[in-house]
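Letters A, B, C and D mark the chains as written, and numbering starts fresh at 1 in each.
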Amino acid sequence: MALQRDLFSVVVLFAIYSFLMATVLVALDAVDVAMTEAAVGAGASTVLLLGALHLTGAREAKRMERPLVPLALSIVVAAVLGWGSLGLPAFSDPGAPIHTHVVPRYLNDGPRETGVPNIVAAVLASYRGYDTLGETVVVFAAGAGVIALLRRRKRR
Amino acid sequence: MSALAPHFSYWVTLFLMVAGLYILIARGNLVKKLIGLAVLQSSVYLLYIAPGKLLGGTAPIVAAGFSTYSNPLPHVLILTAIVVGVATLALGLAITVRIREAYGSIEEDEILERDRAEGR
Amino acid sequence: MLEHLPALQVVLPLVAAPLIVLARSTRFAWLATTVVSYACLVCAALLASRVADGGAISYALGNWPPPWGIEYRVDALSAFVLVAVSLTASFVAPYAQRSIAAEIEPDRQYLMYAMYCLCLAGLLGMAITGDAFNLFVFLEISSLASYVLIALGRRRQALFAAYQYMLLGTVGATFYVIGVGLLYLVTGTLNFADLAERLRMVQDLRPVLAALAFITVGMGLKFALFPLHQWLPNAYAFAPSMATAFLAATATKVSVYVLLRYYFTVFDPAALFERLPTREIFLLLSVAAMVVASLAAVYQRDVKRLFAWSSVAQVGYITLGIGLENQAGLTGSITHLLNHGVTKGAIFLLLGGVALRAGAGAVTMETLAGLGRRMPLTALGLVVAGLSLIGLPGTAGFVTKWYLIVGALERGAWWVVAAIAASSLIAVAYVWRVVEAAYLREAPAPAAARREAPAGMLAAGLAMAGLCVYFGFFTSINVEGAHAAAALLLRGAQ
Amino acid sequence: MKDDIILRVVAKLLLPFMLLFALYVQFHADFGPGGGFQAGVIAAAAVIFYSLIFGLRAGERLAPPWIVEAMLAGGVLVYAGVGVAGLLLGGNYLDYFVLHADPAAGQHRGIFWVEIGVLLTVAGAMLKLYTMFAGRDRNEDGEEEGA
């Protein structure tokens, strides 16, 4: 993806990547997230990218000068994260803090307290409903922002 | 190796992160930079979601016959992150389209050159 | 209704934005924006007085107790930031009417107001929330809105400036999410108070240190911590006048607040400052910002760019207190959130008036020539705010520097005192360039007529310049609030 | 693509089913994956699909711009309105317990309306984004194409 210079293929690759991500998410039992990634990441993003490419031209100019500095920089950032992740609980450890704190209430009492057996929906819309309000506002901000930027002029 | 093995799920995150950041910094095309940004953002998905998985568990939809569920909280957080990501992408593309109309180019160096020619 | 103040503080501007979009009327948009801005100031003032009397306020959104639900938590520090942000907003909103009418195309003026309301809501939400992930959501609301605000600038450079800001800002926000993710994975919680408690029990500190690095760099990108400031000069220089004034006075400040919140109340400050070179790093970066960015400011031709560089330098003053980590230093830092907001707000509001009358997109030194004759009140306001920037006794800027110097002396850091002095001297140089152009240079012949900016804009700018002097003499709001906030942060340190 | 009879017929036939699927995803979210975000994108996709085949004009007849903008803003207002209703009924902001005499039923009611708000805003935003990008070059601004 980094080397491909035809932006159209980059976008197609990106869509494929998003679908792969969605399948990985299904394998991780995150079905709601997978569905969103498939709809939003692979669907909406691709449509937007193609729409934009239509307006900007789909050919990248050329070259890739001094590619080592950015590479070193990104590897340093990833190394910090990698070093930090060594201290995290092992994969699928039921005793990890994320499984023993806060979440048990959602799983045990969620269906009774909210009447919704899909815990993701219960947490999304009720326990952390305020986050979702913020998220809706983010979508609204993007929509209104794009109107402000791209609305066609009446005259000229 | 034994220290690394339990953490293999983070390697994918790291790889995606390097790829995203690299495209973002190294490439001069504004659309490509945005794609790099999207890859960087998506690297976070696995950082949150992979540790929430429990082997032998199922999706967090409570039903009879299951007792182990994967952790729903990261799912909620990443749902938000995905939506925020696409919102940013949309806005970024809109700005890019306007840049193309104003400068006739979406290559970083050409834009900078034109700004310099104008003498700030 | 008073117990719901924390929710109203953020929800009012948040609801105003869709109402404005629905109404599609510029008049209604301005009215709603102004009403909401004043309502926010009232909320913030009431909250601040309640916190001063009765201690921190906790508000459970959705009536779910924290850490299961999201908590709003107002303590001395967040109350101070809320007041600082909404105070600026209450000056920018009335100013916006003429400024937006002059700079933005008529069919999208109402969207500009909507974006401003969203930005305000996002910043207030960041300052008030007690939840790490909720902070990210509101960070994104304010960021997306500010990208649009900047991109609506009149010249095409505004677009590219907005793009660069968007790129770096999103990387910053993503780093923040990574940091929060690591903290979540080792503690299982997102609530700040709960996080602080459970972080003390974590055995393996590697993820916590990585989280510290990611949150510091992420937020550093947002508030232009030297050398992560590349986006700032262009963004401020090319944004519409009211957007520059609002963002310069508030946006970077709230991100610094987030860093303070993490450093002193979430992480263990004892370990953070004793076992890591945090103090040295922040002192070095702050001093570098104060000196280097000030020097860069001296050489700018575009006046908005000049003051944008000066903002990078002033962020250095604010982060200096983190490096000093004592009562006086932190008081200086926190009070500067407000003092600098008022000072820069005044400068950019007044420059907006100059740009409007000059009719040109850019305000250069040539545009300022003869300003003392043509726009005497505007020029006077600029001089007053400029003196506050330098830190002359009797202005808000002096108050900051006084506390920072006391804090540096307590640490025995003479070189920091020297750097503050040097940076102030360089500030004299760049402010003098503006004064020289305004009073000593002759105006070009066609523009010699005397004509002030429209009354609403002029009044807002002068009122803010007046606040620079007010806060220099009457320090009951800025210093006492900051003092209580600093004491709160250092209490957490023990 | 306007002239292909198969596409035209299929598009017309599929449209109601896609919208129906969006509604299923919306209202089945209690028991399976789904919710306002996914449903909103699917509903918008249905209309986008329609306007891809029949042209932007036809799409705008199906979903007029003012309705789309009203959805965009209205969704946030519905969501925030649920919160205000909680306030008026004596609870905290976004408190669903007070929306009904029975707290669990109140939760259910709150979640229902909140998801409707999300659906409206997301569908409105996606449609608006598409028409904004697709409609950008069909007017005077087109002169800069390829410049």
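Quick note on the criterion: contacts are C-beta pairs under 8 Å (C-beta built on N, C-alpha and C of every residue); 3 or more make two chains touch, one makes a residue touch a chain.
What you see is a predicted model; the values in this text were computed from it and never measured.
Participant: What chain pair shows the greatest number of contacts?
Facilitator: A-B
Participant: Using mean CA coordinates as chain centres, what's the gap between chain C and chain D in Å?
Facilitator: 35
Participant: For chain B and chain D, let me know how many angstrom lie between their CA-based centres, rounded off.
Facilitator: Result: the chain centres lie 24 Å from each other.
Participant: CA centre of chain A versus CA centre of chain B: separation in Å?
Facilitator: Comparing mean C-alpha positions, chain B is 6 Å from chain A.
Participant: Suppose each chain is reduced to the average of its Cα coordinates; what separation in Å results between chain B and chain C?
Facilitator: Chain centres of chain B and chain C, defined by C-alpha means, are spaced 28 Å apart.
Participant: Hey, what residues on chain C touch two or more of the other chains?
Facilitator: Counting only residues that touch two or more other chains, chain C contributes 14, 17-18, 21, 61-62, 133, 137, 140, 144, 147-148, 151, 178, 182, 184-185.
Participant: If you look at chain B, which of its residues touch at least two other chains?
Facilitator: 21, 30, 47, 51, 59, 61, 74, 77, 79-80, 83-84, 87-88, 90-91, 93-98, in rising order.
Participant: Provide the list of chain D residues touching at least two other chains, using ranges where the numbers run on.
Facilitator: 31-33, 37, 69, 72-73, 76, 80, 83, 93-94, 96, 122, 129, 132-133, 136, 141
Participant: Name the shape of the chain contact graph, picking from line, ring, star, complete and other.
Facilitator: Its topology is that of a complete graph.
Participant: Could you please specify the touching residues of chain C with respect to chain A in the complex?
Facilitator: It comes out as residues 14, 17-18, 21, 61-62, 64, 67-70, 105, 107-108, 111-112, 114-115, 118, 121, 125, 131, 133-134, 137-138, 140-141, 144-145, 147-148, 151-152, 178, 182, 184-190, 198, 204-211, 213-214.
Participant: Taking the touch rule as given, give the residues of chain B at its contact with chain D in the complex, in rising order.
Facilitator: Listed in rising order, the residues of chain B that touch chain D are 59, 61, 79, 83, 90, 93-94, 97, 101, 104.
Participant: Where on chain B is chain C touching in the complex?
Facilitator: 21, 24, 30, 33, 37, 40-41, 44, 47-48, 51, 74, 77, 80-81, 84, 87-88, 91-92, 95-96, 98-99, 102-103, 111, 115, 120
Participant: In the complex of these two chains, what residues of chain B are touching chain A?
Facilitator: 3-4, 6-11, 13-15, 17-23, 25-32, 35, 38-39, 42, 45-47, 49-55, 57-63, 68-80, 82-91, 93-98, 100, 106-107, 110
Participant: Touching residues of chain D toward chain B in the complex: what are they?
Facilitator: Checking each residue of chain D against chain B gives 31-33, 37, 122, 129, 132-133, 136, 141, 144, 147.
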